[in-house]
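In the part that follows, the structures are each spelled out as structure tokens.
Heads up, the next two complexes both have chain A, just with different partners, chain B and then chain C.
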Partner chain A sequence: MAYPMQLGFQDATSPIMEELLHFHDHTLMIVFLISSLVLYIISLMLTTKLTHTSTMDAQEVETIWTILPAIILIMIALPSLRILYMMDEINNPSLTVKTMGHQWYWSYEYTDYEDLSFDSYMIPTSELKPGELRLLEVDNRVVLPMEMTVRMLISSEDVLPSWAVPSLGLKTDAIPGRLNQTTLMSTRPGLFYGQCSEICGSNHSFMPIVLELVPLKYFEKWSASML
Partner chain B sequence: MTGSSRTGNEGGDDGRRLTLQDILDSIQETWVVFWLPPSLKMSFRAAWSLTLRKGGLGIRGIHTPGSTAHGKEKMPPYTNYHAQRSYPMPDEPFCMELNAEQRALKEKEKGSWTQLSHAEKVALYRLQFHETFAEMNRRSNEWKTVMGCVFFFCGFTGLLIWWQRVYVFPKKPITLTDEWKAQQLQRTLDMKGNPVQGLASRWDYERKEWKK
Partner chain C sequence: MLGAECPKPCKGKWPTPPFDPRFPNQNQTRNCYQNFLDYHRCMKTMNRRGKSTQPCEYYFRVYHSLCPISWVQRWKEQIKDGTFAGKI
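On to the complex of A and B.
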């Protein structure tokens, strides 16, 4: 989850998120370079006593500041496309979980072997136990096995929320009448929080998502207990 | 400071101030111009400027706001002399109308400049230009006014925000008390949230303290 005074992304829990972190570092560095160059040039412009009112053309610098941004854009686009295609790789998920967005909660269905489904509502602030996170805790968490590829099928019953878990690099819109797929692979156990990421009504800010990643045998015990 | 005084003597005006009569004239002229049909408007204006040029009607109607930028009728400081730091040598000199003494000086300028005394060179400069570069680029105390107003409004905004915090904002939720925040932190560390580079990575689990 996020922590106070955090500046960057949450730590990556899946390999894709790790790639995204590195890509963000790369792109942000380019952004900082360009911004500081532009700020420097502006400060030069504002603090000079020289004037030159008869400039006709500037062919050399025009060529440079056309070619160089094109090169920079290619340097950003190539890693970006690489990650985009990496997200769509065939990875043979071992488990499929369906989540349906409602107004204003999520419901989950584990229907591979048995029929398990439950709703997941946010815990209101007045009912929180000491030390829990406000607006982030839910009554029924989504328990999943760690270090295994899981396919998430995301759709909605009424509104258009979005199912997002930042530390896994996931964000997928839930559209009524449509099945959106995303895959999930966590490298470590723990609780991973996310919040609805598309405006869907008055309680849009109050329908979080909590994934509880556990070793496989705990998952099996849990799913047996939930049936 | 000035090398020679400016004489603004165009079209018969003796430099007296605008009176109510002039303002009424200008309003009347503009009003007439608006509702007359175009052809009549043209002839009206032609007749009017003819009158002006001949100096007729005494000193009436000379410095009306209806003048054009290139017209000869101008009140100070509206002139054709527009010098800026980026355009330091305008076409027209600063002093257009010269008295006899100044005209004599201009004649002398046509000869060899070594004949001119220092005072004469300065006088010629003052005829041609309104201010020297040093005068044009002089600093001012405007920044003090600006900063003062900025700080004043920042302070006023601070007052508004303080009032808002006291009288408008609702009660803070229980999760913002120190006790709850401590329990939250303990829970986050227990579940090893962000153990790679984030929060839990800065906690030393053996010694149960923050890493140095």
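On to the complex of A and C.
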């Protein structure tokens, strides 16, 4: 989950998020290179006594500073499009989980077999046990099997919240009357936190999401115990 | 209903609705609604002809997996009251 003084992304838990992390590193490097080059040139300009007032043409440099940025943009666009298409790949999910946004909590439904549904409210700060995370813990976590492709269908009963889990690279808006699909695949077990990501009223900051990724056997035991 | 086997090439129990190329994008609203309609239409036709309703189970499994419980309850109420907007 997020930690104090964090500067970068959370550790990736899904393959797509890993790709996004590397892409971000690549693009940010380009941004830093260009920025430092520009800053360096500006500093040179401001610290010289030399002048030149008779520039007539600059064909060569004009060509370079047109072609080079075009090449840099292509070097950014191609990996970006690759990841975009990778996100839309057809995969066959093993499980479907629905989440409905409400004011101000999420409810989850697992209806592939029996009807399992429950609400997930944030644990108020006054009721936190030692070691629990403020504004992030919930009473009922979303237990899911790890290393399996899960189809998440996200909708809402009233307002327009957004269901997000940063370490899996997921963020999908919840719209009443519409069923938005996203794919979830975790490479490791653990607890993964997210927060509502679209303003939806007074308690928008107090409806977090917690995914508990466990091996399949534990998931099956849990779902049997919840019925 | 819950003992349904999945369609031919698959073995074992029903896992989850497969990818449907009619609804390839993010918006799956129509996928849920279409299967709900298809289930009720299938049941109505099979019952009218006196045939087994076993083939309708596929549509049931899909809409049951995809559609939010509250939507299904609302539509069932509307069907009971005769105010459901879809053609069944």
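The criterion applied here is as follows: the second predicted complex is superposed on the first by the 219 of 227 C-alpha atoms of A that agree within 3 Å, B and C clash if a C-alpha of one lies under 4 Å from a C-alpha of the other, contacts with A are read in each partner's own complex, and residues count from 1 in each chain.
Just so we're on the same page, a contact is a pair of C-beta atoms (placed from the backbone, for glycine too) under 8 Å apart; a residue touches a chain by one contact, two chains touch by 3 or more.
Small disclaimer: the values here were computed from a predicted structure and weren't measured.
> Which partner does A:Ile90 contact after superposing on A: first (chain B), second (chain C), both, neither?
After superposition on chain A, A:Ile90 lies in contact with chain C alone.
> Which partner does A:Gln59 reach: the first (chain B), the second (chain C), both, or neither?
neither
> Go through the superposed model and pick first if A:Arg134 touches only chain B, second if only chain C, both, or neither.
In the superposition, A:Arg134 contacts chain B only.
> So in the superposed three-chain picture, is A:Ser202 touching just chain B, just chain C, both, or none of them (first/second/both/neither)?
Touch status of A:Ser202: no partner.
> Per the contact definition in the header, classify A:Asn180: touching chain B only (first), chain C only (second), both, or neither.
After superposition on chain A, A:Asn180 lies in contact with chain C alone.
> With both structures superposed, pick whichever of chain B and chain C touches the larger number of chain A residues.
When the residues of chain A touched by each partner are counted, C comes out ahead.
> Determine, under the contact definition given at the top, whether A:Met1 touches first (chain B), second (chain C), both, or neither.
Touch status of A:Met1: first partner only.
> Of all residues in chain A, which touch chain B in the complex?
Touch residues, chain A against chain B: 1, 3, 6, 10-12, 51, 53, 125, 128, 130-134, 167, 188, 190-191.
> Using the touch definition up top, name the residues of chain C that touch chain A in the complex.
2, 14-19, 24, 26-29, 31-32, 64-70
> What part of chain B is in contact with chain A in the complex they form?
Residue list for chain B touching chain A: 85-87, 173-175, 179-180, 183-184, 186-188, 191-199, 201.
> Looking at the complex, which residues from chain A come into contact with chain C?
90-96, 98, 100, 109, 111-115, 117, 151, 153, 155, 157, 172, 177-182
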